[in-house]
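Both complexes below contain chain A, partnered by chain B and then by chain C.
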Partner chain A sequence: MKKKFPLTPILFLLPSVFFLAVFIYIPLVQNFYNSFFDFNVFSNSKEFVGLAQIKKLFQDDIVMVSIMNNFKYAIISVIFQIFFALILASILEDKLFRKVAPTLRVIYFIPVMISISVIALLFSFIYNPQMGLLNSFLELVGLDTWARPWLGDSTSAIYSVIAMSQWQSIGLITMLFIVAIQKIPNELYEAADIDGAGRIRKFFSVTLPQVKETMFVNLLITVTGSILVFNEPFILTNGGPGNSSMTLAVHMYQTGFSRDNMGYASTIATLTFLLSAIFALIQIKVSKTGKED
Partner chain B sequence: MKKRIGCLIVVLLLTGILAACGSNSSNEAESSGDEVVIDFFHRWPNEPRKSFYDQKIKEFEEANPNVKINVDSVLNDSYKEKVRVLVSNDDLPDIFSSWSDTFAENLVSSGRIKPLTDLIESDSDWSGKIIESQYEGFTFDDTTYGIPFTIDGKAFFYNKEIFEEVGVDAPETYDEFIEVLDELQAAGYETPLVEGLTDAWAISHYMGTIFHRVVEPEILAQDYNPETAAFTDESYIKGLEIFQELTTYMGEVSTAIDHEAARNMFSAGEVPVLYMQFAEILMVEDAGDVDFGFFNFPEVTDGNGSADSLTGAPEGWMLSENAPKEAEEFLKFLTSEETAAEFTEVDGQLNAIEGGVTEENANPTSYEAYQIVLDSSETAPWFDNAVDITTADIFMRGGQDLAIGQTTPEQIIEEVQSQVAN
Partner chain C sequence: MKENINSKQYSNSRQKEPKSAKIQTRIFKYSTLIGLGIFALIILYPLFWMLISSFKSYEEIYSDVWNLPGTWNFSNYTLAWEQGIQNYFINSLYVTGFAILITVTIGSMAAFTLSRYHNRWIDIALLFIIGGLMMNPQVALIPLFEILTFFNLIDTRWALILTYVAYRLPLTIILIRAFFLTVPKELSESALLDGCSEFGIYRRIYLPLSIPVVVTTVILNAFFAWNEFLFATVFINSSDLKTIPSGLMVFRDALRTDWGVLLSGMVIASIPMIILLIFLQKYLVRGLAEGSVKG
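Now for the complex of A and B:
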């Protein structure tokens, strides 16, 4: 008997495919197409310029600064959000902290739920050079020489922005690790206990290998997030002073909407897409996800 | 059976989506009967102007019962973005506010803005009241596309008490200005001059004025035109050096604060000098209790430009190409002498309507500023509206970099030159 082709599940998938196509795939293709044209929102027609904008992309100093900043973002985020969050999660799951863990989990998670605009405003008060908490604190403990206009100094601006992101996102990643750690069968820890393993040994020999899969997912979230980052630098510094805290997304936005160059903004968007796609592919390849061993 | 239900659900879902996509076209025939709907878009969702315009809309609707006005408003930078999006399709509101010069020119280039020359000529009772010189920023190829309303000027506001205490006077030349700043610094005011350099436009206001002082007018006119811009003149470097010198008096603080914070510092009497717009007079008065006067950006003695031009450009109203006749009436109503007089009282910003600003309805400081605007021999446009925005952006970001010592005037000019060459 010939097996009947299952039509129903495909029909059920159609609406979501339709939405994905309309809101993701078609804009993506259109963006790629737009990057070969020179136009702004006022113009009635698009002028075909071929590869000129891609050439411009390679000569654009701001793009280089942005990529460097995005990389700084990615590296620092991986260090803080993957390693730190994992350590935090395993501490919270430790027997010693059983009683206070639920409270602490909430405390760490609260920043994730606050709107990024609110957080950015909050941090602009913290970083304020005249009456900001950070400088006042440094003065209080006698480190006045460290005080500086955090967001107004070209060397510290991008790091100040990154620091805020770490504070905000560590809660989410910790939460994901906690869930993963809770899934680890207790027998493994018991066996380790019998073998006489201490806390640190258990962390490296049981916890770490068991959360590998979650770690990969978090790595993906963090790295692609760092390449696409927009809100934080846009609200805190708008890429300034000069271009010192510019990221690709902010550069794209300003090119398109402030500098009226939609075509070139599309080119930058394509570059951003390619970068995040490449990173995602590398990570999927390296970690061979889905094949749990 | 199951399958059929499945199919039905899918079909329903899809029709829902498709219907949602297509429902846009049905609201064309909104103005049923004799009722005329006017879409009104302005950029003051904040007080006191929001209430002022809400009140005006009510008055106009009462006087013209067949007219209904839909109003929408968003703040400054968002307004710029939203108008750009609206002008790129046919949703442009019937009447909306606009800046002059390049901003207006860009809108006009879309071909969706109504030329107003005929309207101005047909009703001289109304148009004759508008100060002639203010039309300039809205006139392109001899056709006027906008009606100017608010006018403005930029000047150094100074704290009279501090100046008296230190024993300095308002400077006449740039060299004197530097001396004054030095003396203030010596008297304990570590940052005698402050600016919110995170606001790029604040930098552009400085640069626009400085270039007007040091660059020959013909060269400036040539460089302000995107077709002929070259920026090869040596005086631009001198201009940027002047800006750089001024930033040395602003202290580290300036690169991390915005203009509003700087204004509050001035209002609190912490800072003796600040470069501000006349539109800010009321805000300074509301925020603090300082006795202040103003002086124009002083003459640069060895500069090739105009010694006393005043930077500042009007803002006004535009109509979309398809605006109904009633929108024209509404425009006249908004720019009438009565509205203008009331506006001065409520808002305090100066306006371009004769009889709109008088000694009775304006406060003394504003009136003094009004005289300065009227008397100025020549006005300079806002720099970010005068040149191509990409060029302005290089100057503005370069200005931030200059303030923190990350670049040199030569590097900025080089970047500008390669930009305009493209």
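Now for the complex of A and C:
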């Protein structure tokens, strides 16, 4: 085997394999291993505690709150980013809007390009109870009673964070749907035209079946993204007020880096990984079944 | 704005529709246009607000949310730049530049091997690399922190560069490999006959032919590295070494009420990526689409 196989290709492959091994695979294994230990950042030794951390996981109320928030995130994101984005994409691809579509596509996509810290800081201005755009707008249209400290109120905090995510990400999913719709052979629409199908009919019998694969992929991007979400709640609320807008990743970060309980933080990370891996596996299955090669 | 993605061309079979349907279409068209316009406004207005408020003084932002600034304080921008953004900007350029350079170089090398050779080991290597897509930075945070501490890399720019490279390699390799697979075999065979080495085939044939996909991966990686927040927050402590996304957080805490200056910093942070979007939309969109489906 060595004889037939020149050295260069192996050398070509090595750096990448090294990077993935050291920074992706070893951390993953290490994380599982850490879940059974108790340690902090500067401790030299890790104390083996068996299943104690896992037991703690089940008694931790914040974990329950976090999972609920992650699920809220997932459900609302699916509604906006799958259903709404698909409708938006098919409208933008409709010949009626050919003139405005290119401009609108770019406009809707701008927030995707902007760093999450800029977006989150901007939204902390928007949600500001005294001078925030949202409350000022409500006052302007005579809905003062709806005004509230959006991020400071434990009932609205998580929804305010989720709303910001929708604002930022909808352009991305819309764009992915647009690319998928553009790949649909034109003949299908022409045939539907000849059959006298209306706009809604064409959406359900041509567009929808043809973008099914993209829809599954987008669905799973959105759901795994929601399970792993960190930046948005971390910057806007840091999980508060109380723990009302906590997510698993923020809880993990706070446990590990603020409370210096690295072992238990690893256990939370393992739980997060398992939850997201289930969805990622489905995604790979789905994207494979749709491919001809 | 460039029209890079062509809208679908439909046949003109609609000409024969009856009058009532025509009116219906028109109602649909204008009501939808209004909806699209409102949505565009919801997206654009906050960004517009960020831009105009970045020229305001604190008092003006606080007391007069809607109006244009009375006096345009361009000094907010010079202040923001001098008080830290300059530093963060340079760090971001440094980290993004090196991360792209390393990712694309070693990624394209790996893609070369993975597209030209086929045996059991190559299949395993491919699986190993594709599997990397499933791993998420959030989950690996604590072990990565330990590993970087072990190598004495915490609180250096290389902590970010190396981890960005690792997490961007799988997608980069998959995208470049897919392109390399389309390079005709005859080209490399005739080059081999002419005495070209394997490295020569990679350098002189595969790379030059693959400029479009290389540009796509460069843009995708630039977009990632420029905006990455989690690693930038956790692995870097000194304010001098922070990149823009994490630096803005320091900026917020340091400035307290100097909102105009903070907003200027936010605008500066966003400009490079918006320029990227406007000029390289085609590559960016293609990359995101392929990346998501293959991921």
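In this text, the second predicted complex is superposed on the first by the 263 of 293 C-alpha atoms of A that agree within 3 Å, B and C clash if a C-alpha of one lies under 4 Å from a C-alpha of the other, contacts with A are read in each partner's own complex, and residues count from 1 in each chain.
Definition applied: contacts are C-beta pairs under 8 Å (C-beta built on N, C-alpha and C of every residue); 3 or more make two chains touch, one makes a residue touch a chain.
These numbers were taken from a predicted model, which means no experiment stands behind them.
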- Task: Answer with first, second, both or neither: which of chain B and chain C does A:149 touch in the superposed model?
- Result: first
- Message: Quick check on the superposed pair: does A:102 touch chain B, chain C, both, or neither? Answer first, second, both or neither.
- Response: second
Comparing chain B and chain C in the superposed model, the one touching more of chain A is C
Message: Contact-wise, after the overlay, does A:15 reach chain B, chain C, both or neither (first, second, both, neither)?
response: both
Go through the superposed model and pick first if A:226 touches only chain B, second if only chain C, both, or neither. neither
According to the stated criteria, A:70 is in contact with first (chain B), second (chain C), both, or neither; which is it? neither
May I ask you to decide whether A:130 touches chain B, chain C, both, or neither, giving the answer as first, second, both or neither?
both
Message: Looking at A:259, would you say it contacts chain B, chain C, both, or neither? Reply first, second, both or neither.
response: first
Intersected contact list for chain A, partners chain B and chain C 8, 12, 15, 19, 41, 130, 257
Contacts from chain B onto chain A in the complex sit at residues 2-3, 6-7, 9-10, 13-14, 17, 81, 84-85, 87-88, 106-107, 109-111, 197-198, 200, 252-257, 389-390, 393, 397-398, 400-401, 403-404, 406-407
In their shared complex, chain C is touched by residues of chain A numbered 1, 5-6, 8-10, 12-13, 15-17, 19-20, 22-28, 30-31, 34, 41, 88, 91-93, 95-98, 100-111, 113-118, 121-123, 125-126, 130-133, 136, 167, 171-172, 175-176, 178-182, 186, 189-190, 193-194, 199, 213-214, 217-218, 221, 224, 228, 230-231, 235, 249, 252-253, 256-257, 262, 265-266, 269-270, 272-273, 276-277, 280-281, 283-284, 287
Given the complex, residues on chain A that touch chain B span 7-8, 11-12, 14-15, 18-19, 41-44, 127-130, 148-154, 237-238, 240-244, 254, 257-261
Touching chain A in the complex, chain C uses residues 1-11, 13-14, 25, 28-29, 32-33, 36, 39-40, 42-47, 49-50, 53, 61-63, 65-66, 106-107, 109-110, 112-114, 116-117, 119, 125, 128-129, 132, 134-136, 138-147, 162-163, 165-167, 169-170, 173, 197-199, 202, 223, 226-227, 229-230, 234, 244-246, 248-249, 252, 259, 262-263, 266, 269-270, 273-274, 276-278, 281, 285-286, 288-289, 292-295
